[in-house]
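Following this message is one structure expressed as structure tokens.
For clarity, chains are labelled A, B, C and D in written order, and residue numbers in each chain start from 1.
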Amino acid sequence: MKLIGENLVCERGGRTVFSGISFTAESGELLVLRGRNGAGKTSLLRMIAGLNEPVGGQMELQGGRDDEDIALQCQFIAHQEAFKPAMTVAENLQFWSDFFGGGDILDALEAFSLEPLADFSAALLSAGQKRRLALGRLAMIDRPVWLLDEPTVGLDVNSTEQLRQLMRKHLDGGGIILATTHIDLGIKETAVLDFNAVDDQAELTSIGEAE
Amino acid sequence: MDLNAPHMNFILACYIISAVVLVILTASIVIRSRQVEKKLDRLTAAGARRRRKADAGK
Amino acid sequence: MARFEKFANPTQFLRLQGFLQPWVTAITIILFVVGLYLSLFVAPADYQQKETVRIMFVHVPAAWAGLMVYTVMALSSAVAIIFRHPLADVAAKSAAPIGLAFTFLSLVTGALWGKPMWGTYWVWDARLTSMFVLFLLYLGYMAIWQAIEDPHRAARISSIVALVGFINVPIIKFSVDWWNTLHQPASVFKMNGPAISPSILIPLLVMGAAYSFLFLALHLLALKTEVNARKLRQMQLAEAGKV
Amino acid sequence: MKPVIAILKRDLLLAWRQGGGVGTAIGFFLTVMVLLPLGIGPDLGLLQKIAPGGLWIALLLSVLLSADRIYQIDYDDGSLEQMTLGPVPLELVAGAKAMAHWLSSGLPLAIAAPFLGFLLNLDTKLILPLLGAMVLGSIGLSLLASLGAAVTVGLRKGGLLVSLLVLPLYVPVLIFGISASAAGQAGPDISGSSFIILLAVTLVIVVVTPIASGAALRTFMR
């Protein structure tokens, strides 16, 4: 499986956020997006998730389920956790499982050891717990491409470790991950897409197998 | 049209109000058009001056 | 997403507008002069209404133009959504105030006509009520542009609102007419008289053409302003980017 | 279809848990019921004449005001964003949410309204036809209100704008709703035919609303 983007152009409010971005990410690869804030890292993730259409260039997922467009084969974990405080943790997870068509909520709970909180109302959760709940969806819903926007924000040390194992398992299973992050995820990045390049021309700089 | 027919004031009122509203509408569009054009010319002129300065400086 | 900085068709439009504007303005003025002369001096007084029939020459064209402009807005909104044409939603936006003015005039002249006819300024006649609702649809459309800052988003949402409004215009017209017949079996006096004699019809058509050309002239100019305003915004954005 | 049912179940559960929705809507409805006689005067004969109209106007205003929050919360907490990635198009999501809004506040209001008619000295034999017309009419009212909510999601003064956008679209539902509930009051029995026309108007709304809402929501996602 291979996710390809060719000279993508993103525009927001009449201003060009980035142009001419190309990248490829194959099964088992982690592509990390780096760059200053506002360089368009999140915009690229949102573009792959089908939330905003590219003004130029095109994207392709080779080897995925061709009948579905890319967005349906992605999971996009953004800053907002999308949970309803009036419902319990289990109810929230069950809703997302039904909505995305299946997935056992136990996987989500176990991935970040949230089982004891299952029947708690989501309103009682701390920011970190809410973060773990959102990331738990990754373990529950089976989609090949993961789009993670600053996944480690708000996580403590062992949650970050749990996230690392989850990502490790996903990559070994042939999944693809694109993530924006400032810290080292502890997984060897097969490639970095640096948005800091001059005048919006981000280049894909592959890091050798060294580390 | 005889001017002292009954309800003449209604007829005249209709025509006058129509004329006034249409004139105001036209004026507002023309004025806004001139304003935008003036701002645009000023900006392009400023841009041209800066480019000339940049070329002179090279 | 519409690509606004690609000025291919706006420059074509600006050239077309530059060419058409003087001609259309001239025709509008001529039509108005002829129309007013015919309406005020040539058309005979109605045997029943006497002189007040002349109000019709400013009322019916205004109502007709108000409806035509909303149709133009709906069509250009459809083009904006389907073909993502960068000029289409601006065409709808610049047409709205003109349509609002026409609809407002049709309501005012309709009310002023009501006084000599039925003794009250406002009568819930089917046509007047439908025009009133159309007036509200215009206000709703223009309120969208005020409420949303980002022009791209405002353009898309206003196109949707115009189209939904347009689908409802015939339904509202039908329901108001139906409602009118329900409560007033047969209103004694139809708005434009039993049959229109040529002596009345010609001034009406000329005035109708005058209002339509006035819309065309104003719309061309307003559209040019919108194109320039967008260019201005782009340049200011670019300047802001450099600072 | 499972995702649509999931949304329906979730929204109904939320409406039930938060409870406030229907309560405040009925509260608002009763307020209008008090204002009408205060404005028009306590003359029972007059009130009886305007009762169906008054009930309908109170109903449509209550439904309109209770619809303001349908998409706002999901937009703010990121649920709507996740739903765009779901297996069903946004149009169906909008349809499911509008249906949930109708079931959780439009319908209860429509059922309660005729029985509150006694406040306006409503003729008791009118209660049943009014109930039938209002239940059907409330579908159109709820869906149009949800369309207004979709078009103004994320805007500051959205509430005011929703009223201006949606109320003109209420005209057909109001006109045919009232004549459907008049049950032979005005001339020959036309409530039957107007009931069918009301149904037709409702069907048009049921088709148009999800499509327009989906398009509007997608614009706000960008």
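In this section, a contact is a pair of C-beta atoms (placed from the backbone, for glycine too) under 8 Å apart; a residue touches a chain by one contact, two chains touch by 3 or more.
Source: prediction; values computed, not measured.
K.L.:
Taking contacts as defined above, which has more of them, A-C or C-D?
P.N.:
By the number of C-beta pairs in contact, the winner is C-D.
K.L.:
Among the chains, which is located farthest from chain C on the basis of C-alpha centroids?
P.N.:
A
K.L.:
Between chain A and chain C, what's the gap in Å when you average each chain's C-alpha atoms?
P.N.:
49
K.L.:
Can you give the whole-Å distance between the Cα centres of chain C and chain D?
P.N.:
It comes to 31 Å between the two C-alpha centres.
K.L.:
Where the CA atoms of chain A average out and where those of chain D average out, how many Å apart are those spots?
P.N.:
Distance between chain centres: 39 Å.
K.L.:
Mind checking the centre-to-centre distance between chain B and chain C? Centres are C-alpha means, answer in whole Å.
P.N.:
18
K.L.:
Which residues of chain B are in contact with two or more other chains?
P.N.:
none
K.L.:
Enumerate the residues of chain A that touch no fewer than two other chains.
P.N.:
52-53
K.L.:
List, in ascending order, every residue of chain D touching at least 2 other chains.
P.N.:
In chain D, the residues touching two or more other chains are 222.
K.L.:
Could you run through all the chain pairs that touch each other?
P.N.:
Every touching chain pair, ordered by label, is A-C, A-D, B-C, C-D.
K.L.:
Quick check on the complex: what are the chain A residues that touch chain C?
P.N.:
Touch list, chain A to chain C: 11, 13-15, 52-53, 55.
K.L.:
Along chain D, where are the residues that touch chain A in the complex?
P.N.:
The contact residues of chain D facing chain A are 2-3, 5-7, 9-10, 13-14, 17-18, 76-79, 81-87, 221-222.
K.L.:
Mind listing the chain B positions that touch chain C in their complex?
P.N.:
Residue list for chain B touching chain C: 1-2, 5-8, 10-11, 13-15, 17-18, 21-22, 25-26, 28-30, 32-33, 36-37, 39-40, 43-44, 47.
K.L.:
Under the touch definition given earlier, write down the residues of chain A that touch chain D in their complex.
P.N.:
Of all residues in chain A, those touching chain D are 12, 49-53, 71-72, 74-76, 78-84, 86-87, 91, 95-96, 98-101.
K.L.:
What residues of chain C sit close enough to touch chain A in their complex?
P.N.:
My answer: residues 1, 3-4, 150-152, 233-234, 237, 241.
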